[in-house]
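Shared chain: chain A. Partners: chain B in the first complex, chain C in the second.
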Partner chain A sequence: MTINLAIVIPFIMAAIIPFIYRRFPKIHIGWIVLLVPITLFVMLLRLVPSVAKGDTYSHTYNWIPSLDINFTTYLDGLSMIFGLLITGVGSLVILYSIFYLSAKESLQHFYCYLLLFMGAMLGVVFSDNLMVLYAFWELTSVSSFLLIAFWHHRKASRAGAQKAMLITVTGGVSMLVGFIMLHMMTGSYSVHEIIHNVSQYTDHQLFIPAMVLILFGAFTKSAQFPFHIWLPDAMEAPTPVSAYLHSATMVKAGIYLVARLTPVFGGDAVWFWLVTAVGLITLFWGSFNAVKQTDLKALLAFSTVSQLGLIMSLFGMGSVAFKLGYSDSTIIYTQATFAALFHLVNHSTFKGALFMMVGIVDHELGTRDVRRLGGLMSLMPLTFTVAVIGSLSMAGMPPFNGFLSKEMFFAAAVHMRDLDIFSLSSVGVLFPVVAWIASIFTFVYCMIIIFQAFFGKPYEHSDGRSIHEAPIGMLISPLILCVFVVGIFVFPNVLGQYILKPAMTSIYPGFAPADVLAPKIYAWHGINTELLMTIGVVIVGLLLYRKLKTWKPVYRLFPYRFSFNELFKSLLEGLESGSNKMTAGYMTGSLRSYVLYIYVFFIIAVGGFFFMSGGFAYSSANDAPVEIYELMLIIVMLLAGVSMLFVKSRLTAILLNGVIGFGVSIFFVIFRAPDLALTQLVVESVTTVLFLLCFYFLPEWKREDSSKSVKISNAVVAGAVGALVVVMSFAVMYYDEFDSISAYFENAYELAGGANIVNTILGDFRGFDTMLEVVVLFIAGLGVYTLIKLKVRKGDTDVED
Partner chain B sequence: MKINDVILRTVTKIVIFIILTLSVYLFFAGHYSPGGGFIGGLVLASAVVLMYLTSDIETVHKGMPFDFKLVAALGVLIATGTGFASVIFGKDFMTQAAMKLNLPIFGETELASVVLFEAGVALTVVGVVVTIILSISEDE
Partner chain C sequence: METLMILLIGVLIAVATYLILSKNLIRVILGTAVLSHAVHLLILTIAGVKKGNVPLLKEADAPYTDALPQALILTAIVISFAVTAFVLVLAYRTYQSNGIDDLDGLRGPENE
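Take a look at the complex of A and B:
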């Protein structure tokens, strides 16, 4: 119950913030917002001991039980890690943003979106129901879109937001299809029920497609190769957003999903290869590209991509344990998963600190280009400390937490050589090699951050302003994170036993005693392969950094037009121009064409259906006799209809059209349908007025000068529609393919308390229809209004680019 | 050219009340005999349109200073809101309720929650129809 509440609270606050924003002009609104994540963090923290004991909390709020969609929350070790990250980093980021964003920005929007994101992200990690998880998942994409485009007057911000949205939502939709497939296989949307029963379904034909589709969603969200291209562009967002969404939380949603579904799909060769290989390629590609970046934030973006790949590949390696089953010898593979969780936490600490550091540099100096920066060490000593601690931890150096998880990563990669399942024996040696090379590049870009920004020739403002340290408020958050970076290195087992151990039991349910799954972490375990690899990384890394200028031309070997960015751009442009052409093909702007499409479709669909089902049956045996006044009325209407074709002015045509309409309403009177008659009468009057108004704007009515063939084909369509309607209205009386629904309404008085059956249908039986019709009517009215009132007049400037 | 519409203006002044009364009658009659929210709203809208036809927009606006877009929005809000009212009482969405009352003059009268829903429909119809007609006629 408290967990359901934890998801809802940020949403409620997000709704309130815009209203209370004006109430407290003296206080920075961020201080009020800050209460939310802190409260939630403390709330979750209080549950840590019991979760560490193996307790889980679950609560279901029935939402749409008929579709098996319920708002079910489930708190276990795995969601606890993410919950703590979201609320903990969230608190620090909001604290940081209070000093980062000036009060002149539209803060109410910023914090509204941020809270929206926080609630959605908590929803993703706490939801047990896949459909609800999906809804929250897309909501994180939407809020990320809004936050990236926060400075929406910049073109790059809008472009970055659009790119992120397109890629992550495409993945999200494919994930939805995967979830539905899972439901078709197992008959459940609950992750825990699926995990429980999945062993019966591993041979199901949908098993692999569902897995691939879900992975596609996870990869796009977690910026895995080749979908990583959105993440660097997302750096247009304000730095607190980059630190929060695009390094610590949202991009880890894909990783969360992979971890969560490892018990479902783990043990399958496709899962292992996809997750591990994509992770390793991302790890390498991200670190390799990070080195060439000159913008510090872009560098961090690529480094995030690379680190996400590292975590992803570790989860892939850990899934091997499902294939092998539990024994003492497979424990080394479950340790890969342990390393993944460990690095996940570590990455959030050091990368969060680094982003905030870059934000400070940008804030104080107005640039984050490493070519212009330099010599900041003495000017900004605290910021420099943050940079050194963060970078060295990222590079995997002691005495920082990154060292511990990097060593465990090397260990896992080395062990992959010894496996002979999944045809690993031939390529297993690649694992440690790729891991090692990627780590070297990681080391190189960490050196770039430290040396190029903080050593060397001092940076000077063009206008000679003096550079000074950031206000203390901005430094608190990164310094707290740095304390964690060092603290986790010194006491890794506190984290391991209380936070990581329960997560291991949720990834490997019923696998082994929790104490076996969660090993003790030691900083020093003798001289082994991993340590030698780290020493190698430092030596080669330093060499490469010294010789950076000589080998940097390597990056020019790949022509830009073959890059994934260009591919994405040309794909998008192609899509736009293609659909433009297609739309231009049939949207002629002439109402006559549209009416033609509707009628042709009507003839094909309705006429075709009647024809195929043999519905054209008619006999005049049961018909009432035709009275003389009915005949007269018909003749009048016929005359009006035919003469409309030959009149010279629009006004006459409208009046003749009115004759037909009023004739119809007289028929309704004759056939005892007073409701219809009334409605028809009023509608006829109002539409006549409307016609008269519209015709005022139309050009002179001329003889049409279209070719003979067009005229003939139009005549054929018109005749066919008329004939079809006539035949249908005779045929419906004898059509008996469907049961009549009138029986349902017959005792309307008892059921709905109204004697007027038409109104009981409108207001009660089919009230839902009426409600939606009213909404549609309203939207149509607004559409007309905006089309007319808000169009660009002559001489106005176009507001879009 | 000056339009001579004295007859129309004079007739309208009387007829408009008949139409307005009719629309109110139709609205309330809907539960037992022909009428209802949609027709009531439509008749009301046609009365407003008639007023616009005979007098100019400014005059009518002085008499009825409503923003008809807001009227339509209010209608949609009422129509959807009554649906949720039943949810608050633990019933399914859009469950309607009715009760019988003995009022002094009207005698036994039925009070039905569906009337609120119909009112929403009526307001939407009036608002949308007038909005559309006004925005087209005001276009240059």
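Take a look at the complex of A and C:
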């Protein structure tokens, strides 16, 4: 119940924020918004002890039960971690943004989008129903789009927002298809029911496709290689947004999904290889590219990509435990997942702090280019502290939390060598190698942050203004995060036992006792491979950093035009021009073409099917006898119709149309339809007058100057349409399998109290239809009136076109 | 009777189609008018003609002619009248604004 509320509260606030903003223009609206995440954070925190004991909270609102879609919330250890991150980091980011954004910005929009995002993100992690999860998932993409494009007057912002949107939504749609496949297999949208039953479906033919499609969604959202290209561009967003969405929460939605579905797909070779390999490639590629960035924020973006890859690969490694089954010797492999969860939390703390640090530098100096920065250590000591703590933690140095999780990551990678499933015996040795190399690059870019921005020649404003420390309000949030960075290192087991352990039991439900899944974390565990690897990272990293200038040309080996960015761009442009060309190919703007499409389709599809199915039939046995005056009438109408094609004067054509119309009304009389005849007479008279009126304003028609071939093709199409109507009508006449339903209406007097059957149908049986018909008439009347009255104003001529 | 009617309707529909495919605005509108005449007749004819009495309960005895197609056509007549009136005025406005009644000349700026 409270969890449902937790999702709804941000949305409600998002809706009323603009009103509050208008009501109290004096107060910075952020202070009011800040109450939301703090309240939710405290609310969740109070549930931590009971969740740590293994309790789960679930609540269902029936939404569309017929489609098996219900608003079911579920709080367990895994969603608790994410819930705490979303609300906790959310509080800090909003506090930070109060000082970061000046009151001149359109704050009501900013906080409205931010709250939308917060609600959507909470919805993603607390939803048990996959369809509801998907809806919230797309909502996070939309709010991310709005936030990236917050400074929408800048072209780069719009481009970045569009790119992020296109990539994540493409993945989202594929994920939707995957979810539907899961539902087709298991008959359920509930994650927990699926986890419960999935063992029966692992051989299902949709199992692998569903997995791949869902992973595609997760990879695009979590900026995994090669879909990582949107994340650096998304850095055009205001820094609080980058810190919140694009490092701590939204990009972790994909990781959440992988973690959540590990019990479903874990143990499968495809799952293991996709998640692990993509994760490791992303880890390497992100860290490798981060080194060459000169914009601090872009550097952090690539480092985020890389760290996300690290977490992703750990979840992949942890999934082998499902294949191996539970025993004392295999429990070691679940530790990869434990490390993943641990690093997830750690990454949010140090990366959040680093983003806020860059925001401060940008805010105070107006640049974040490392080539121009320098010597900030003495000018901004507190900011410098944040940078050092954050960077060293990211580099995996003690005494910061990044060290612990990085060691565990190395341990997990090393253990992969010993496995002989999934053909790991041959390539397993690559795992620690890739992990180690990527960590070296991580170390190098962390050094770049510290040394190039804070040491060396002091930065000077071009106009000689003095540089000073940021206002204390901006420093509170990063400093709190730094306290966590250090605090988690000192007391890792508080986090481990209360937060990570319940999450482990929700990823490995019923797999092993909870205490075995979540061991105690120690900073010092003797001299082992992991520690040696870390020492190696430091030595090689320092060397590489010293020699940065000599090996940096290596990056020129990757020309820009072969990059994924360029591929994406040309793909998008190609798609756009291609579809433009295609549309221009058939949308000629000429009415004749469009009508021709309809007729030709009618001839081919309907006529073709008609003849292929042998539907032709004819019988004149039931025909009514023909009187001589009827025959004469038919001949008159035929002549009138045919000569319409050849008359020189349009006046004649109108009169011929009138002849046909009045002929029709005589037929109505003959065919026992007096109401029709009366209506037709009136309508035909008015129509003819209307035609004549209009002709007064229009020019005399010229001979059709179309080419012969056009005329011939028109004639062929017209003839074919007429012939098709004739043969089909014959077939319909011949077919008498069904009785007429009109007998029902012959009870008109009892049912509707009218003796005229036609009138009772219109006025009573189908009264609503007639009412809507009157509406059509009314709208047409309005249209006629407006078109006649509408005057082209001066200066409006362009718009008219 | 029905056979003859259907043949007449076929010719009328062919004429209407040909008119609709032409370039002149007024021809197109005339085409739609003829088309609606033809369709009205078609609906009535397909239900079978001259098989019963006028569908007025107090005035005539059973069997009655099928009343349902008549109700359909009554609706159709009114709607086609509304549409014809609207299209006619549209044609008038188009000519007033653009000075031509040739559909090839009315294809929008990017197609000319």
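Methods note: the second predicted complex is superposed on the first by the 606 of 801 C-alpha atoms of A that agree within 3 Å, B and C clash if a C-alpha of one lies under 4 Å from a C-alpha of the other, contacts with A are read in each partner's own complex, and residues count from 1 in each chain.
As a convention for this text, contacts are C-beta pairs under 8 Å (C-beta built on N, C-alpha and C of every residue); 3 or more make two chains touch, one makes a residue touch a chain.
Quick caveat, the model's predicted, so the values are computed rather than measured.
*Asks:* In this superposed model, does chain C or chain B come into contact with more residues of chain A?
*Replies:* C
*Asks:* Where does A:740 make contact in the superposed view: on chain B (first), on chain C (second), on both, or on neither?
*Replies:* second
*Asks:* For A:777, is the partner it touches chain B (first), chain C (second), both, or none of the two (neither)?
*Replies:* It touches chain B and chain C both.
*Asks:* Between chain B and chain C, whom does A:55 touch in the aligned arrangement: first, second, both, or neither?
*Replies:* neither
*Asks:* Contact-wise, after the overlay, does A:686 reach chain B, chain C, both or neither (first, second, both, neither)?
*Replies:* In the superposition, A:686 touches chain B and chain C alike.
*Asks:* Please work out whether A:653 is in contact with chain B alone, chain C alone, both, or neither, and reply first, second, both or neither.
*Replies:* second
*Asks:* Applying the document's definition of touch, where does A:767 land relative to chain B and chain C: first, second, both, or neither?
*Replies:* In the superposition, A:767 touches chain B alone.
*Asks:* Considering only the touch criterion stated at the top, classify A:675 as touching first (chain B), second (chain C), both, or neither.
*Replies:* Touch partners of A:675: chain B and chain C.
*Asks:* Per the contact definition in the header, classify A:755: touching chain B only (first), chain C only (second), both, or neither.
*Replies:* It touches chain B and chain C both.
*Asks:* A:641 contacts which: chain B (first), chain C (second), both, neither?
*Replies:* Second partner only, chain C.
*Asks:* Name the residues of chain A shared by its contacts with chain B and its contacts with chain C.
*Replies:* Comparing the two interfaces on chain A, one with chain B and one with chain C, the shared residues are 674-675, 679, 683, 686, 690, 694, 697, 755-756, 758, 762, 770, 777, 780-781, 784, 788.
*Asks:* For the complex, give me every residue of chain A touching chain B.
*Replies:* Against chain B, the touching part of chain A is residues 674-675, 678-679, 682-683, 685-686, 689-690, 693-694, 697, 752-756, 758-759, 762-764, 767-768, 770-771, 774-775, 777-778, 780-782, 784-785, 788-789.
*Asks:* Residue numbers of chain B touching chain A in their complex, please.
*Replies:* Against chain A, chain B makes touches at 26, 30-39, 42-43, 45-46, 49, 53, 69, 72-73, 75-76, 79-80, 83, 93-94, 96, 98, 110, 112, 114, 117-118, 120-121, 124-125, 127-129, 131-133, 135-139.
*Asks:* Which residues of chain A touch chain C once you look at their complex with the stated criterion?
*Replies:* 588-592, 595-596, 599, 620, 622-626, 630-631, 634, 637-638, 641-642, 644-645, 650, 653-654, 657, 660-661, 664, 667-668, 670-676, 679-680, 683, 686-687, 690-691, 694-695, 697-699, 701-702, 704, 706, 714-715, 717-719, 721-723, 725-726, 729-730, 732-733, 740-742, 745-746, 748-749, 755-758, 761-762, 766, 769-770, 773, 776-777, 780-781, 783-784, 787-788, 790, 792, 800-801
*Asks:* In the complex of these two chains, what residues of chain C are touching chain A?
*Replies:* Contact set of chain C toward chain A: 1-15, 17-28, 30, 33-34, 37, 40-42, 44-59, 62, 64-68, 70-71, 73-75, 77-79, 81-86, 88-93, 95-97, 101, 103-104, 107-112.
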